[in-house]
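Below, chain A partners chain B and then partners chain C, in two separate complexes.
Here is the complex of A and B:
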């Protein structure tokens, strides 16, 4: 099943790029600016550090337990019972996060573009597609992403048309309130970047696993650069007011006006959002499906894809009553959940494995 | 094969979604709003929309000699407790749905501006449809009147205002800028003031435009005063918005005039604190081409050109000092961004004066340093239409 399908390390890098940034672009500048005020451009750089840890953990655990996901080697490290519990925790959290992503996607579309369309319909049309891709397997997802990534990245450069409206002076005064707010503002972006750990579900399918580490870091670099780029654009355009906008990037796209006719470009952002959310949702859904079917010890992941999709839809539909609840939820619960799932548990597994001497010859990873 | 076609045909219903799911809307169900005006009336808000009349309905105008162009816009107003309420009441009087995508002009009435624009601003910035790049204006008198004129050239008076702002001779503030300035360091903003141009003698009474004339000064969200047309020009210098200006100034003892156009200028605000004395240096680099010389001076003479440069500098300085003085001591409202400049350079000092910035602002000493140059003298060297002997060569 899993081993039958092969993707390349480059495809993995593209998957991870969209996974972190799809929703990251949209919500992170706002949350970071809320804490760090006009210093929030630094948060993207700081957030990169959790990415380094996440990639380090995923890669080094994978080198010692080749062709296994966190669920499988979790069992080998902490024993069958505890391992299964960890696996189910992963499955649960990933399903929940998929639900949150789906809801975020629908909220943006409904709140800004399709005012009259039922949110449930927007969600179903997206998760339906994701579920099909997940059933098709990792190869389908990866090939789709190869096609989509350019469409996701190119609109970003259109923001450069804002240059006449940008005011770099907004950076000043630098660190007026000290470094603490910047650290606080980096927590959420940090959680987003730590989603790089999801690569552990992809590493077993790599045709060239020895390249995984390298492409992981290339992807991380691209993510940090893109995040910082978006932060700078929104900062120079909106100053600390970015913290007040639900979607600062949306305002930036709406603000573009070249020659009086190149305007109303937010539809481009919508296209980008649909594509990015699709990749992100699919990667999360795929991870949830794999996590569940491996901890339940099933032979074929396809059979659980549809039921899990349904659960995700329920999470998306029933979990959050409103957008403001959703954003409160994102900054508190989700950050916690993501960090537990992407950093704390892997770090715990890594430490236990190290103490039990399962990592005899350390050929890279955290310190290599 | 048949089975495959059957399966493909299952995809056909997807086409139904292409038109936007439930948000499908026909063009002839939309009302294209070009501008929105807010007025106050007995404690309630009156919102007036100006909208485009579809071409097919305007083209039927008569062909009789001298008949005015058919109106291409119309207005309708609604009254309510706040903007949203007023708009919902307005919608009841309109057979088509308001569409905001092309609405780029918002005008606040004078009375409303005096009592505060915060409520209206919140609506504009919160509602997903009004665009952050729309231009904001304040009217002399009722804002609705600005929309009920029918310009001879452009399609709508809103379009005229937008074009005038875009020419960069005037001053423009977008919705987003307005919001940021009211939240910013000095909580003050200057908005262009519009009034109705006196129509030509032969034109119909409403065949005219609304145009930008002067500046309205807001402190917090209330209008506290106006700047005259002349002082507004000085304000543009202070805000570094000078572009395609014409500056006319007298030279020598005869006080004959010389005009420079277009002016390119760079203005820098350099804050400085020494002890208790806050000083703001306004450093100006200006240059432009001579387009008119009414004096008998020959501008190709280096010595005379130098004197002309000095006179040019003096004029620019006069503009700036006039505006700075008026804003600092009459209106006592920092619309020039001195607060921002100090905050950026002296964040610690700023914290001490933040709460009483309006007082501190009045005590800032403004030093204007202008460096101006006339770059080219146009197509002739000697003053036009003057015999050689009357020309002053050095």
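Here is the complex of A and C:
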């Protein structure tokens, strides 16, 4: 199924853009500001470095094992048994992360818009759509994303209506507390950006794989720029107080008031949030399904889509008892979990392959 | 399997007909004429005309009254044959006789009863002669047909005024008059056990992908049905996603639309008995284009296209947005507007969702009534619609005036869709969206939109993704989707499936004074 469906490198870039930024816009400014105070606008730029590593790993491993995902070449690098274990670890982590994304989405909607709607219903309606998209295959996901991306990006420009209220002076003093807090604040955005490694599940479906690297980096550039843009807007508007807000972007949208007509635009953010979460959840769910069906050696990914959807729903519903626990998990554990999955394991595989001489002519690897 | 053990009388008749059809027409005229008389027993329109060729040999002519040109039969078949002097030997037979005496331009030998039946049904009189196997059919079909008129369902300001008719041959001739190259192919086949409807696949060899034509042919020949009455019957039996509300083929009454599609490498299916021709493969965006887009100045057309896209979104979303904002997101409405809306809604006893559903359903009913009613009563519907629904319902406090406005704008928006079928599909989508808006507000609308887009991304028209160009991002072709690019910029054909001749015209044809004659 993977081989039959073809997407373009541009579509992959758009998928990755929404994947990283969907939840990124919401939670990252707040967490980054918590550590880096009024220097948190730099975190986006620093976070790009993990993206470079993730793309480098995904692309160079893919060039040596063409048309294979991390699960498939994992087996070839560390042997069948260990490779299968790695595959199942991936499937597990991805399912769990999907569950977390779903929960984040539901908490945001429930906490800010539909106060009385049961959370389970919000989750089921979203994961149901994602499951349908995953069943339709990567082509359907990619084509849908082509149409959704403008809906996801355009609301960002509406924030420009805030220009009269922005105060660039909030940047000062720069690096008042030294560089350490900025580095600390960059870890979490870095974990988010490292999700670029998910491109390894998309690269085998690329119609023009030689373009994968280029578009990966274009996507990364767009991500870093967008993140920095959002950081600047929230910083200029809220100063370091952004760290005290759960969703600084939501506050920014609420703040917009132009000509007494454009007011209370947070519903636009809701629309954007639904679209972004959908794409992000779908990419994660797709990766989880592919990881599982390849580790288990099944021929058709559609059959495992529904059971895995159910597992994701269980993770989302039962794993976290409350929003505060979710928030704690996001700020402490998720960074570790994501980085293991997106950087550590691939780096390990890359090193082993290098040592075993499986990467003979390494052109355009990590240093690319 | 009971049907095999005890075949019904209809099946017996069918088998008998098939058996007879396979038999060759024998040399003994008595016998074959008896067989044919039995076959056509009870068919009052079938004419048997026995006569003597040159006063000696028995012969008879078989045709259907009203399908063949009786005057021509008399003048150019019966008269010369009765007066002929020469009696050709059995070896030379009918063909020689025909070639020497008969002045009909097109003739065709027939050998089996099946061929005789087919020829007669298509208005070709069949001549059988004693002591000779087989016969000859003459191409003299003539029947009453509708004249070529301006198509009723697709009118425009600029462009050809003629539309297809119910007669296949007339339709193919109209296509041939536009595309004169012999590379325009018109493949014939018959579909339908009883109707034996003639169906033609039209394409331009070299422009249309070979596999595409093969696929079309295969899908058509797979049809086993008693009758085909309209192109809709065929469409429903050969489309890619039968469970979709969206049309995956375009139907049109206009030869210029079909010709344009053929020149882009698409295939057309023409069906006897209906002026509606099917065009496939299509994308959703081709349903949003009119031929006039290409006949007007490109800036005008671009503007009209944008207008159309805008109103497409409106016809899909306006009522649901209104319901969502009124029910869940009142804060989005500016204060003064909210007050006037609240005043208007004050006497209305229903929640916005119910109000919207009442009005939308009433509107759909009015529209349907307007189509079906005889023209004389048509005016009554609009009076009832405008006065009772619009005026009285608001005054009685059943619905609010803003809702009437929303429904009216939505109605107009849906009429802006150039293809009726596409407009109806979008209108259908409106109802689930209103429900979602009434239950989950904007969130529901977003979920609905995601579901619709996902569905449209997953369906195909003869193998071409429904939303291609935009969703598969073919940069160069976007100039015919987002805008209507100037003709001199459209050097390439849209890519559908496979490879075909991509170059449409010579590049660099942008006109200007420097390109005038030296």
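FYI, the second predicted complex is superposed on the first by the 367 of 368 C-alpha atoms of A that agree within 3 Å, B and C clash if a C-alpha of one lies under 4 Å from a C-alpha of the other, contacts with A are read in each partner's own complex, and residues count from 1 in each chain.
As a convention for this text, contacts are C-beta pairs under 8 Å (C-beta built on N, C-alpha and C of every residue); 3 or more make two chains touch, one makes a residue touch a chain.
Values in this document were obtained by computation on a predicted structure and should not be read as measured data.
Applying the stated clash criterion after superposition on chain A shows that chain B and chain C collide. By the touch criterion stated above, A:260 is placed in contact with chain B and with chain C alike. Once the two complexes are overlaid on the shared chain, A:133 sits against chain C while remaining clear of chain B. Applying the stated contact rule after C-alpha superposition, one finds that A:357 touches neither chain B nor chain C. Of the two partner chains placed by superposition, chain B and chain C are both touched by A:113. Contacts of A:164 after superposition on the shared chain: neither chain B nor chain C is touched. By the touch criterion defined above, A:173 lies against chain B but remains apart from chain C after alignment on the C-alpha atoms of chain A.
Looking at the shared chain after the overlay, A:321 reaches neither chain B nor chain C.
Touch criterion met: A:238 reaches chain B, while chain C stays clear of it. In the superposition on chain A, A:251 makes contact with chain B only, not with chain C.
In the overlay built on chain A, none of the stretches 436-444, 454-462, 472-480 or 508-516 of chain C clash with chain B except 436-444. Chain A uses residues 113-114, 117, 122, 125, 260, 263-264 to touch chain B in one structure and chain C in the other.
On the side of chain C, the complex with chain A involves touching residues 328-329, 331-332, 334, 440-443, 446-447, 450-451, 453-454, 457-458, 465, 467, 470-473.
Chain contact summary for the complex, chain B toward chain A: residues 17, 20-23, 101, 128, 131-133, 166, 176, 179-180, 183-184, 343-345, 347.
Considering their complex, residues 111-118, 121-122, 125, 169, 172-173, 176, 237-239, 241, 251, 254-255, 257, 260, 263-264 of chain A touch chain B. Looking at the complex, you find that chain A touches chain C at residues 8, 10-11, 109, 113-114, 117, 122, 125-126, 129, 132-133, 136, 139-140, 143-144, 146-148, 260-261, 263-265, 267, 270-271, 274-275, 278.
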